[in-house]
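Just so it is clear, A, B, C and D label the chains in written order, and each chain counts residues from 1 on its own.
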């Protein structure tokens, strides 16, 4: 009730829908692919697929990882990564099935940083904060470092009034960090609440798969939730639900389209339209 | 976020549950009854039933009307009716199936005032605003006069910080007053919003039947919604739903117990416990 | 009863657009009802897409459903991001089924409020287009709290501190319509209707025979002129000769101009004043009635 | 791994009640898990009814369901109206089925928030008792938005301007527990657990064999002592010898005293400060970790 109505007018506005927004910010990096499309079975030509944002002609969206998402969304040369030097350690002396420290070291040797990377960029010329999950790093799990990067980013985006774009892909909280990983749900949502309170637009892009502690914290609280076609999105995975309840799950259960029907997702957007759509939303929400 | 936490302490509080609250404020008036209970078929002895607040031994709650509700809830001699002289007129020249003015005149000749009566009282010693619907008056329908009494009462309760107790029984908005009857939904909810904004407790007692424009406005917006066992509560009546959708409706559809399961009602309270429960809630919410 | 009962009794106090007197005297009430329900009549999206070509529809109540009977989203209108709501009936049979003939379930109202809270957060004005036979009279709607959803919406609109303008563009059916029509200004297209009950429902109540809908329509006083006379709407927007479906573009321009004319002064109004005016608009909506010498709520000093 | 790993590494910084050292050194982690799940263990209503004999349970999310897995209501505690929440598992098989073994559906979180908003409206403090294996892993919960319900609850607790104290009284299972445990102070009964995943789920993930739950429990660091050492809870409330179920009255008195001791200073705290502290409590909940010389988030000047 105490919120003032803030009238703002864009004079002579150029509708973004009438302006060309390129499909990717820069050329996507190569990613590891199966030899055939799991949906239509067609043999894949990696370089061709790369040119079409890793979407098969049949519509199957291949999983992309952190660096590919940054290349897709950030304009060329605009990406400024933050807090990349903050890194995880084994604190619980976790040993099973293999030592956590070994898991971390291995992932880092493969050139991966953490399950979440975050920084600033421009998206079709519009300044944004960008957070991307990387499913290759321990299943994109939310860790202390991931939570810290996200929370700091939300705080800075709130302070600088910069819209935040998140891309999720995660199995949930990182078990190897115990209850402190669980606490990251509260930590990131506390900071996210401040982003919302500062009236900064927040767009959440849900990709395959988004589950557990990530869907139960920051992933579904966007001003707009966008999802990739066919992405699996839920809290408990289908396998566990079947084990726990002996239920038959309908086809398409927990798909992006299911979540659209269940009222959790605003838009199911093909990857090749994502930048244009985000650019339009950025204009509308900062109008 | 701007709401201050207001600590209040009752020192040496006497728990109301340990204090006897009489079942009725004063002796209930006689009401017209069928000869047998529609639930269990037992022959009814009016005077006996009157002593037990018009609840059959089988648990069937007979419909009570405005004056009976006032007698049940208001302590003896405490009732101060307000705006009883405001009365309805036929404004749309409504003629079908009989002239509205004739309907009004007839009801008034039977000693009825309007579908809603309102005033102040004490309930087990606690000051309250009281609004009661009377189903005998054109099916308890929400009219301009009913809406005006309710809205004025909400405004005065907000101003004097007096808890409001409402007892509903209505078929909805009064068709004979056309779209102006529909507008009463907005009128009473506007005033009700101010009652809530003033942080004044509002308890809604839903009795058989509560439908249409009344359930779609003030009836289900209580801080606590209490319902009488077996009361039919809904938006569209079962007959119309069956006509419109050819649906088989399950037993108990739209009962108070159904609404409890559907999350709309806090408590299903037998009539003989109602005053005690309201007294306890009044203590808790004004504590 | 003569359609100009109200104007005779109380005098017109709001605006009636520059209607051709010819037509308004020749159409029967039932003809108006049929125009309001005409299958070719422009629907909400026809107006919204013309008003805001960059419109983005948003979906879902963030609880458990999306309601296709209500379109909700954002677009740029007069250089300003604006939230649009509109009942949507559907053109093809398949779309009609999907959109449930514009009859909302509870999740539609919850979706609207969710997006209205974004309007508040970001300072967007709201435009709401009303075109529904009513809220859906079905078991699922009851189970998911249709009454409480409408009630909560009606109450929350009064606490939504951004300008809201609404227009009934076809059918304004009972509580289902009112749940989307609590606004600072409410307009009606000339051949739209707004009623406490549909003619069919009224006939069913009065005669237990919904075939007598034409008689019931005559009784209900549901035309734009009746509503204007009663002081329930601020303005009637004239339609092209023959009805809105004859000229989409012309109707859209007329509606858009009227909506903007009403919204514009609200944009600079202090929020407290805006909400107080909205309160008083509905709190005293029957004031024309109260002014009738032999009627109604008498003003009384406060206790 | 030794249960006192954290105390060795970082030093205890919060309070551990006056536990008998004997018992805390002799129980295995799995024995603690079994005590936390003991079928005779006191449940939320056992505590609430002792704390507030005039407790009135309220029901329903005012959307579409009531969730019997979560008890919610008001009672007088220390002369002050207080909102109580508690997971409730059920004693008999019929009650367990009805209460779904204390596993909440989305409507439970929505009921809690609805009543928390009343706490804000009327200025009541909140006490939340946590005892759940987790949120319900079922299709209906997914369809009705369990993830979003938990997420929304976690966020809204940070914006609830009344004091909140929580205690884990049995099982603190993952996100389902955290959704009811965002508070200014979080306590644990001695033989309760609080974990990112249940031992069974962890075993299933690690070995695809949930029979290896005992090993998994050892790894998870889920006992009250572990949590205290990590700085995740403020205090451990000692239980009577043998566990809480041996002496309901004694356990209830100890829990009530600890809760009140933590709530009392919050009642006089300015709201801004209260919310800022709650924010910092969770924002820096891994600060003991961060203090570790070779680890983690380095403080960096703002851009």
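Simple rule for what comes next: a residue touches a chain if its C-beta (ideal position, glycine included) is under 8 Å from a C-beta of that chain, and two chains touch if they have at least 3 such contacts.
Keep in mind it's a predicted model, so treat the numbers as computed, not measured.
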- Greatest centre-to-centre gap (Cα means) from chain A is with chain B
- Considering B-C alongside B-D, which chain pair is linked by more C-beta pairs in contact? B-C
- Message: Centroid of chain A to centroid of chain B, CA atoms only: how many Å?
- Response: 50
- Counting in whole Å, what is the centre-to-centre distance of chain A and chain C, each centre being its mean C-alpha position? 39
- Query: Between chain B and chain C, what's the gap in Å when you average each chain's C-alpha atoms?
  - Reply: 29
- Query: Among the residues of chain A, which are close enough to touch at least two other chains?
  - Reply: 1, 196-197, 220, 262-264
- Multi-partner residues of chain D (each touching 2 or more other chains): 62-64, 143-145, 148, 152, 159
- Note on the structure: chain B residues touching chain C in their complex are 82-83, 85-89, 91-97, 144-145, 147-148, 151-152, 156, 159-160, 173-175, 177-187, 189-194, 196-197, 212-213, 215-221, 234-236, 240-241, 244-245, 247, 249, 253-254, 262-264
- Mind listing the chain B positions that touch chain D in their complex? 1, 3-13, 15-17, 196, 199, 201, 220, 223-225, 260-267, 277, 280-281, 283-285, 287
- Item | Interfacial residue positions of chain C with respect to chain A in the complex | 53-54, 56-66, 74-76, 78-81, 107, 111, 118, 120-123, 125, 159, 161-163, 267-268, 271, 274-275
- Message: Looking at the complex, which residues from chain D come into contact with chain C?
- Response: 62-64, 106, 110, 143-145, 148, 152
- Message: Under the stated contact criterion, what part of chain D meets chain A in this complex?
- Response: 1, 5, 135, 137-139, 141-148, 150-152, 154-156, 158-159, 174-175, 178-179, 182, 194-197, 201-202, 204-207, 215-216, 219-222, 226-227, 230, 232, 278-279, 282-283, 285-286, 289, 292, 294-298, 300, 302-303
